[in-house]
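Given below, in the form of structure tokens, are the structures.
Across the two complexes that follow, chain A remains constant while its partner is chain B and subsequently chain C.
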Partner chain A sequence: MSDITAIEVKDLIKSFSYYKKELGLKNSIKNLFKREQLIKEAVKGISFNISEGEIVGFLGPNGAGKTTTLKMLSGILFPTDGYATVLGQVPWERKKDFKMNISIVMGQKSQLWWDLPANESLYLNKYIYEINDNEYKFSLEELTELLDVKELLKVQVRRLSLGERMKMEIIAALIHKPKVILLDEPTIGLDIISQKKIREFLKFYNQENKTTIILTSHYMKDIEEMCKRTLIINEGIIAYDGELSKINDVFGHKKIIKLSFEEQIDKKDLEKFGNLRTFDGFNATLEVDKSTIRSCSYDILNRFPAADFNIEDIPVEEGISLLYKRG
Partner chain B sequence: MNEILKEIRKHCFIYLLIAKNCLIGQMEYRFNFVMGFFIEFMWLFVRILYVIVAYQTNIVINGLTPDAVLLYTGTYSIIIGVYTGLFGHNFYELPEHIRNGTLDTLITKPISLQFIITLRNINFSWPLSDVIGGITMVVLAWNRLGINVNIINIVGFSGLILSGILISYSVFLLPRIFSFWLVKTNAITSISEELHGFNRMPYLIYNKWIQRIGIFVLPIFLVANFPPLFVLHRLSYIYILWGIVAPILFGFIVRMVWNAGIRNYTSASS
Partner chain C sequence: MSIQSVNWVKKYTRVFILGVQSSMEYRADFLLTIFSAFVPIVIQYFLWSAIFNNSSEAKVYGYTFTQMITYSILSGIFSKLLATGFEWEVASDIKSGGLNKFIVQPIGYFLYRISNFLGGKFINSIVMMFITLSTLVVLKYYLRNQIEIERIFFLLVILFLALLLNFLIFFCVSTLAFWMIEIWQVFTILGIVINVASGGIFPLDIFGKKFLRVIEFLPFKYTIYFPINVISGKLNYNDLSKGILIQLFWVVFLFILSNYLWKKGMKKYVAVGG
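Moving on to the complex of A and B:
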């Protein structure tokens, strides 16, 4: 990762207009004459910078504005307001120089020709991106070997499995060696092995080529394994920007104590120590303040017949869902 | 200038690759490929019926003999064939792509957006019968009418056919572009499809005002009328000039509307 800024986003806003319709035919007829236009702000003035070579994860619930942001950064959508540059260029000006150096992969949208073998689509990309013969041959060889799909290049795309097709999509997106890659849920619907393979590949590719990557995913593993930095976006605003493992620092330093007892104990006795999350008489999960963890642990071990005792951080997923709820 | 030439070369080569890919893709489904040919052949037959009626009644339409009508129908068949083959499918699908947000990845390609979106699907089976049938009718009528086979006639006729193809691109793409604002434009596009039908018979059968509107305002009559009228020496210099200027002018208008429309592309949720 270098100090050069690859992506700069300042106060970026995107609004969409829409209207609501009440149930039934009567309201449809009413709607023909009068519609109340509503505005949804999908992205509400977000700002961030991403350095060259960085992999940044974009996390957020459905409708948070992740994909809309990626679409603006790739030049697909014009923003309502605000400013952004990718590699020093304004994406929505859609200049050739910009397009030659970026790539977007959308897990649910394909750029491959459905009825043709993938190599035909890749060959078309060779000319679209003006790649010379040697470079193309080398890139294709390298990418197909790394993703283990060399033998599948001649197979019709519609005959490939979802995982194989996604690998081909990634090859089609990387064949011109873009400097910035925007990945919108590239592992969606894939089995664990395919997900892992794609994660490993992207991580390796980033290290080898110093490519800047933004990745959105609903799979925590994707973000955890690949991204040192995570941006959590919720309801169009950035709710968190930092390391995923430190996300719980936002929530007032809590710890979890997991306990097992040799004999059944009274729930009321344990509740005095903190927020009791789970309890069945013999096992309990207790949420306590970090500052009191020592004294709590001491007292609990002294007063109860503990068989097992563990102190853990609050799971990252919980921190994220709290951020989602907080908005 | 060199950069422009390089881009034109690049786009031409990509167009050839697209054509190859479309052909390979369509031949994967043999039955559909052959059926497409036969269905268009039936349409060609419907058009030939107009000529048969003209011959049987020996009707002369505003000075156009049945042979001239045959020349006209042949020209229309060639142009409609090229239109269906090169543009039809792309135009038809454009509103759906806008509605479903499937233009996303194409927008990010370093290539003209209008080019890739409006020309990337070429159909080979549909236009085959129209073009072959059309050329046959033109050759037959040309002979029967005793039109000179000289450079002026051939260049003029082919040039105005090219002009008709370019005009049909602009006139029939224009209503589809409104999908960027309205999403569904079936009503407008149906009107434009119907306007296409105005070319089934020579525009001389219509009254003066319809002729003027169809030539200068919405140049629907330029699609297939000018090439036969040129070789029949019934096209004035002003109309010949308009036949050259109109495709450029309307191409420019379409380009402007396209650029405004693409700014309104809202994609769709993923």
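Moving on to the complex of A and C:
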């Protein structure tokens, strides 16, 4: 990773207007004449910088503004306000030089020709991106080898499985060696093995080619495995920017103690130590402040007949859902 | 030529070739397209037979029976030759975000569409031209119709311009999808109206003088009615060359219009988000 900025985003805002319609025929007719226009802010002023070669994950629930942000960064959407550059260019100016160096993969939208074999689509991309014969041959060889889809190149795209198709989409997006790749839900709907394969491939590709990658997902595993840095987006704002494993630092340094006992314990005795999350007489989960963890553990072990004792971090999922709620 | 323009030509040639390949991918569909040109011709044959049998005069709307049948046959073939269909694809690109890839990639949508359309028409047109030619020979030498077969070269030029014209007409129509959500019915209705106004079903002069005067100012009749009148000798060389100039005018005009409409639509598309 270098310190050269690949993507710069400042106070980016995108709002959409839409119409509301109440249920029923009467309101349908009413809507013909007078429609109440509403405005939804999908992205509410986000700022971040991404360095060249970085691989960054956008994590967030449905409708958080992840896809909208990617669409602005690829030039598909004009922002309502704010400013962004990708490789020093303003995406929505859509200069050829910009288009030649980026790529976007949308998990739910295909860029391949449905009725033709994948290699026809790829061959078209060779011409669209003006790649010379040798370079094309070499890239295709390499990518199909890595993703293990060499035999499938001649199969009609509509006959490919979802996972196979996704691999082809990724090849189509990488064939011109873009410097920035935006991936919107690349693993959506795939089985665990295909997900893993694609994750491994992207990670490898990023390390080999120093390509800057942004990917969105609502699978935490995607982000956790691939990205050092995560931006959590919720309701159009960035709720967190950093390493995913450190997300719990945001929440007042708590730890979790998991306990099992040899004999039944009184609930009240345990509640003194901290927030009791689960309890059934023999087993308990206790949320304790990090600073008091030593004394707590000592007291608990002294006073109760503990059979098993474990100190854990608060799970990352929990931190994320807390962030979502807070947003 | 500079490297850039060579690359540009290669790019759209490739799209053209893909169009050719796509059109051959479904062979049964391909044959059906050709076959389907003859269904309306058969219907028209029975329709006009009934009309002429019940008429006391030898001419109906100024046409003899054989002239009318000649018109029906040629209009059936030319309608199929010029038929579009890409407007549905454009609409679905607009509706489902398929346009996104054209925004992101260094390729122009209009040029992509026209290259793909012409590619898709390529084989079909060659087959259709053979059918047209043999039909003309049969009409002229066996059925003794008036056919100006030496005008075949002009016919080829005129039909090519008609193909461009029809593409541009329907490209303009397809941009409606930017503003209308339920576009499918509109396309179907406009498709029929445009076909009738082009002379794709009946010769336009049977609708009367007033109708003709209006249609004079529209591009539609230059797609089907005009080429048929050229080959059937209804027009002299003066009208023929005038007609070609008007065709050229409409091609330029509709090219400008379609680009304007497309730009307007894209502005909306980009604001709303694909």
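Here is the rule we use: the second predicted complex is superposed on the first by the 327 of 327 C-alpha atoms of A that agree within 3 Å, B and C clash if a C-alpha of one lies under 4 Å from a C-alpha of the other, contacts with A are read in each partner's own complex, and residues count from 1 in each chain.
Basically, a contact is a pair of C-beta atoms (placed from the backbone, for glycine too) under 8 Å apart; a residue touches a chain by one contact, two chains touch by 3 or more.
All of these numbers come straight from a predicted model, not from anything done at the bench.
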With chain A superposed, do chain B and chain C clash or fit? clash
One more residue to check, A:Thr230. First (chain B), second (chain C), both or neither? neither
Looking at A:Asp184 after the superposition, I want to know if it touches chain B, chain C, both of them or none. Which is it: first, second, both, neither? first
Per the contact definition in the header, classify A:Trp113: touching chain B only (first), chain C only (second), both, or neither. both
Which partner chains sit in contact with A:Ile104 here, chain B, chain C, both or neither? Use first/second/both/neither. both
Of the two partner chains, chain B (first) and chain C (second), which one does A:Ser139 touch, if any: first, second, both, or neither? neither
Residue overlap on chain A between the chain B contact set and the chain C contact set? 16, 71, 74-78, 94, 96, 99-100, 102-104, 106, 109, 111, 113, 115-116, 120, 123-124, 127-130
Sort out for me which residues of chain B touch chain A in the complex. 10, 13-14, 17-18, 21, 24-25, 28-29, 101-102, 104-111, 113, 263, 265-267, 269-270
Which residues of chain A touch chain C once you look at their complex with the stated criterion? 14, 16, 68, 71, 74-78, 92, 94, 96, 99-100, 102-104, 106, 109, 111, 113, 115-116, 120, 123-125, 127-130
Interfacial residue positions of chain C with respect to chain A in the complex: 7, 10-11, 13-15, 18, 21-22, 25-26, 96-98, 100-101, 103-107, 270-274
If you look only at chain A, which of its residues touch chain B in the complex? 16, 63, 67, 71, 74-78, 94, 96, 99-100, 102-104, 106-111, 113-116, 120-121, 123-124, 127-130, 156, 184-185
